[in-house]
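Just so it is clear, A, B, C and D label the chains in written order, and each chain counts residues from 1 on its own.
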Amino acid sequence: MDYDIPINIAGLNLRNPVIVASGILGLSQSIFNRLYKIGAGAIVSKSISLLPREGYRNPTIVNVGTMSYINAVGLANPGAESFSKEISKNSGPLLVSLVGSDKDEFSDIVRKFSNLKILGFELNLSCPHVEKMGMEIGDDLNLVYDIIKLIKKDTGKPLFVKVGLGKSDIIEVAKVAESAGADGITAINTLRAMKIDIETRCPVLENKIGGLSGSAIMPLGVRCVYELSKSLRIPIIGCGGIMRHSDIVEYMMAGASAVQIGSLIGLKGIYSIGRILRDLRAHLEVSSISDIKEIIGIVHR
Amino acid sequence: MELSTDKKLMRMVEIEDVVIESPTVKTFVFKDILGSESKPGQFLMVWIPRKEELPLSVMISDKKNHAAITIRKKGYGSTSLFNKGKGEKIGIRGPYGNSFSFDTSHKNIIFLGGGTGLVPLVRLLYSIKRHQCNFTFIIGAKTRSELFFTQIISEWAEGGKIDLFITTEDGSLGTKGYPTDILRDFLSIHNDTDIIYTCGPEMMMKKAYDLAKTNGVHIEASIERYMKCGIGICSSCCINDKLVCVDGTVFNETKIQKLTEFGISYRNKSGITTQF
Amino acid sequence: MDYDIPINIAGLNLRNPVIVASGILGLSQSIFNRLYKIGAGAIVSKSISLLPREGYRNPTIVNVGTMSYINAVGLANPGAESFSKEISKNSGPLLVSLVGSDKDEFSDIVRKFSNLKILGFELNLSCPHVEKMGMEIGDDLNLVYDIIKLIKKDTGKPLFVKVGLGKSDIIEVAKVAESAGADGITAINTLRAMKIDIETRCPVLENKIGGLSGSAIMPLGVRCVYELSKSLRIPIIGCGGIMRHSDIVEYMMAGASAVQIGSLIGLKGIYSIGRILRDLRAHLEVSSISDIKEIIGIVHR
Amino acid sequence: MELSTDKKLMRMVEIEDVVIESPTVKTFVFKDILGSESKPGQFLMVWIPRKEELPLSVMISDKKNHAAITIRKKGYGSTSLFNKGKGEKIGIRGPYGNSFSFDTSHKNIIFLGGGTGLVPLVRLLYSIKRHQCNFTFIIGAKTRSELFFTQIISEWAEGGKIDLFITTEDGSLGTKGYPTDILRDFLSIHNDTDIIYTCGPEMMMKKAYDLAKTNGVHIEASIERYMKCGIGICSSCCINDKLVCVDGTVFNETKIQKLTEFGISYRNKSGITTQF
């Protein structure tokens, strides 16, 4: 199979614009290799914290119908030390997602990966269901600025900053990220949401509140990418609700230079990556689009 | 209330029967069409409201449109479920995962299981017992009181014949020792064995796999890993590049051969690789 | 038909908790009468501004699948003068929704309705797609406070304040509303969203950006009601994505004292109000809930 | 590309044929299964990308699985559509609304239309022309150059017989005057008329309704109102307590009787009640 729809984003050459989102099959080098074989243009690891985290007790994910999930995994991850060993032999197009509860943690995490063959980093500012991580940090604009400055001092590799629809204005957060030296923005993360079981009268997720992903958030993600691409010069990775090749096209027309997929893999399996790429290639062909770059942000013109 | 027919969505079911299998093992029966149609080896994600969600193999039920699960009381989640009674509600989704295969040309079939690993094996035996095969069922347990399902297994002999071997580590019932001891001896005598189906402690399955290889016998093992999502999205269940929840839980000898982590290591809740 | 599931909210006695949301069949007294006959517990009018508004050109609404819409009607409405004539003979359970671009407008609008037989008002602070109205105002906490104070000075009738997921923290906005004297909170309004047609490479809505409603936002609305009811003492009307009676129950268990429905009417027609009420009554019966009040906020207990 | 079969979702179609009906009227033909199956009187919401979305009655097409729309160039939206050519794309959703009914016991049937109000009448005639009825088609126009569809109507006489009457206000073709003049005269002579189907300017339909009442004849009128959503959610199209987009567009004499706003007032884009 040929997954060639080459793109360039933040100086990175990817064979195609379809990136596996953070938290999706993001813990194992063997799985990364398989995802790459299956067609992924790049892979973002699970968000990695300095120390290991067990995350929340199950249920950590609930399907709310209409191709959407709410999850509250609680950022379970092996921690920076262990994960750097996991990927020590990586040679694939891997971005390591970073999460921390404190400014100083980030340097420590980044340094663990400094000698590894990875593409770069994604900073998770927007995990909506873990207190003092992600969203909470993302809401403090000064902190966002400082963290990005720090990370960029510690690595020469591209840094994408992942933003979401939280308490603060996504555009402002992204602008601060840009001004602090971020090389790209990933938008959007999941949105705080809840599912209650009316028979037992309690929230389904152990953490009660989780993050909404999948189809439900697609029109929100497209809007964010559209608005962000008006205000930013750095490239944007669109994420949220992509289920079909046409969704990818929509994100790119709104201004995304690449996209990430997540829930789709839960709904349609790991091989859906190859299928969506095949459909995307076919679409570009019948639409006589020789370079996918042509369509990036085309609705703004 | 209509019954959901979307296996992806959680459905609330009411426990209709509770069977006490042993002091620490119970079977819960509930109405669920999707569950009742599960293939042997598939599992459900079972939500114990306010407590936990656990992957559990689908047990058989003799009631139409009903399914069952068999739980061994262990830690927080399993104990919460164990303490549920008739009329209480639990949530289920699935069935998920692949299943044991059955080749009708096979005539001599071994089941090797221990503990709740017996559940998928019982479901498998139930679905193939009408075939004219020689079924050998080897059950291992620590001690007599931990044995269950022996009755149901020995009662079933429709098309073929069923030999039941029991081992206990303390010798309180059956042969003293491990079920793999029986398997080794059995294979050395019966060189016409076609396939071994196994589910239980990974070290037991690993031994069985080695024996199967040595003796040139097919094997299918149902592997357990820590599961969060059950739908192939979180990778907490991974073994090498396979996801046990969707690529498994059943792997045959060809696949197991590539699973270098089989019997060696698993990932803990944080995803850290841990030795058995 | 008997639509009796009596509730009391902010001093109002409604025959049932199902209210028709603002902007849904909200312009005509004859239609209000019909909605009431069909079973609605109450009706919120289209948001009324001081002067008439033509709104945006069509398309003003687009179905994005999975039982969700994006709309940008642009607050088309006949204006306060004309609408007060429209409802001059009203005797049904009507709430008038208010929208303005300026603090002083609100008094003028409210006064037009001062002698009419209506239940009260809903202040639309959260229309996500009209600049200088709704959302923009809702993001300025001082302005929110002042507007509510002003309105409450002009009317003794209950005032509900409708909040949404915009740029600012919904809980903070609601708290300010409460402290200014609001009698209840309606949550949530639509969320800024976008749909692009990839064939013609342009946004479908004339206004490009609109508000997402329907199934997609249900888990967001439930979460907001859950969180709001933790922080507020005034009652909450849950809104967003209600499609079935079980969704109503979910909202109420999360803490809502009543609910509003909108998109459902577009998807299943006007008689869906009666059907959802019938199903709700049946559910309460089989669940042995004699007074629906019992379940309000039950997940918090 | 599969064709969408969900009438709620917008589907992009390519204009395959453009028929010039008059200097200001064109018919656009496109492939669309849902549209091709529309009942007479139903309409589509037609999106002219970057410009407007308009409710338009579904016209017939003789191509299989094809539908058509007929547009009269008027303001911004209609002119944008009018200027579209073969190969260009438009978005459609629907068909929406109810439809004309047909009672097979009816033998003497009148169609009364003007302008693009002819579209649903033509679709209706097309669908019932195989019946052995006497069809009388009365068309009104300002002037000769604004007439269209006369050819197609007069060509169709399968089961029954079709009489075509034309009126123009300036007398440039047919009888000088209004189509309702013809209707009045016709009804006074033919007291066996069963039903009048009408679509066009509301004052014309109002007159027709009054005549029908006086003469004890059934009538069904397709009413136009300003439409935003087309799906019964915005109430911009309301007439009394009815929503034209879902309860209509077709109303019979019993229903019209209760529509006190019929021929009197409509709502403008802001929703303000406005006199005709």
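Just so we're on the same page, a residue touches a chain if its C-beta (ideal position, glycine included) is under 8 Å from a C-beta of that chain, and two chains touch if they have at least 3 such contacts.
Here the structure is a predicted model, which is why all the values come from computation and not from measurement.
J.: Treat each pair of touching chains as one step and give the shortest count from subunit A to subunit C.
T.: Counted as steps through touching chains, the separation is 1.
J.: I'd like the Å distance between the centres of subunit B and subunit D, where a centre is the mean of that chain's Cα atoms.
T.: Chain centroid spacing, subunit B to subunit D, equals 66 Å.
J.: Could you give the separation in Å between the centres of subunit C and subunit D, each centre being the mean of its C-alpha atoms?
T.: 36
J.: What's the distance between the Cα centroids of subunit B and subunit C, rounded to whole Å?
T.: Measuring from centre to centre gives 51 Å for this pair.
J.: Please set out, as single numbers or ranges, the residues of subunit C touching at least two other chains.
T.: Subunit C, residues with two or more chain partners: 65, 202.
J.: Mind pulling the residue numbers of subunit D that touch at least two other chains?
T.: There are none in subunit D.
J.: Going by the touch rule set out above, what shape does the chain contact graph take here: line, ring, star, complete or other?
T.: Drawn as a graph, the chains make an open path, so a line.
J.: Pairs of chains that touch, anyone?
T.: The set of touching chain pairs is A-B, A-C, C-D.
J.: Which residues of subunit D touch subunit C in their complex?
T.: Subunit D residues touching subunit C: 6, 8-10, 12, 45, 47, 49-50, 52-54, 76-77, 89, 91, 93, 228-229, 231-236, 238, 240-241, 243, 246, 267-273.
J.: Which of the residues in subunit A end up touching subunit C in this complex?
T.: Its residues touching subunit C are 64-68, 70, 165, 167-169, 191-196, 198, 201-203, 208-209, 212, 215-220, 222-223, 226-227, 246, 249-250, 253-254, 295, 298-299.
J.: Please name which positions on subunit C make contact with subunit D in the complex.
T.: Going by the criterion above, the answer is residues 23-28, 30-31, 33-34, 46, 52-55, 57-63, 65, 71, 73, 76-79, 82-83, 86, 197, 199-200, 202, 204, 206, 262-263, 265-267, 269-270.
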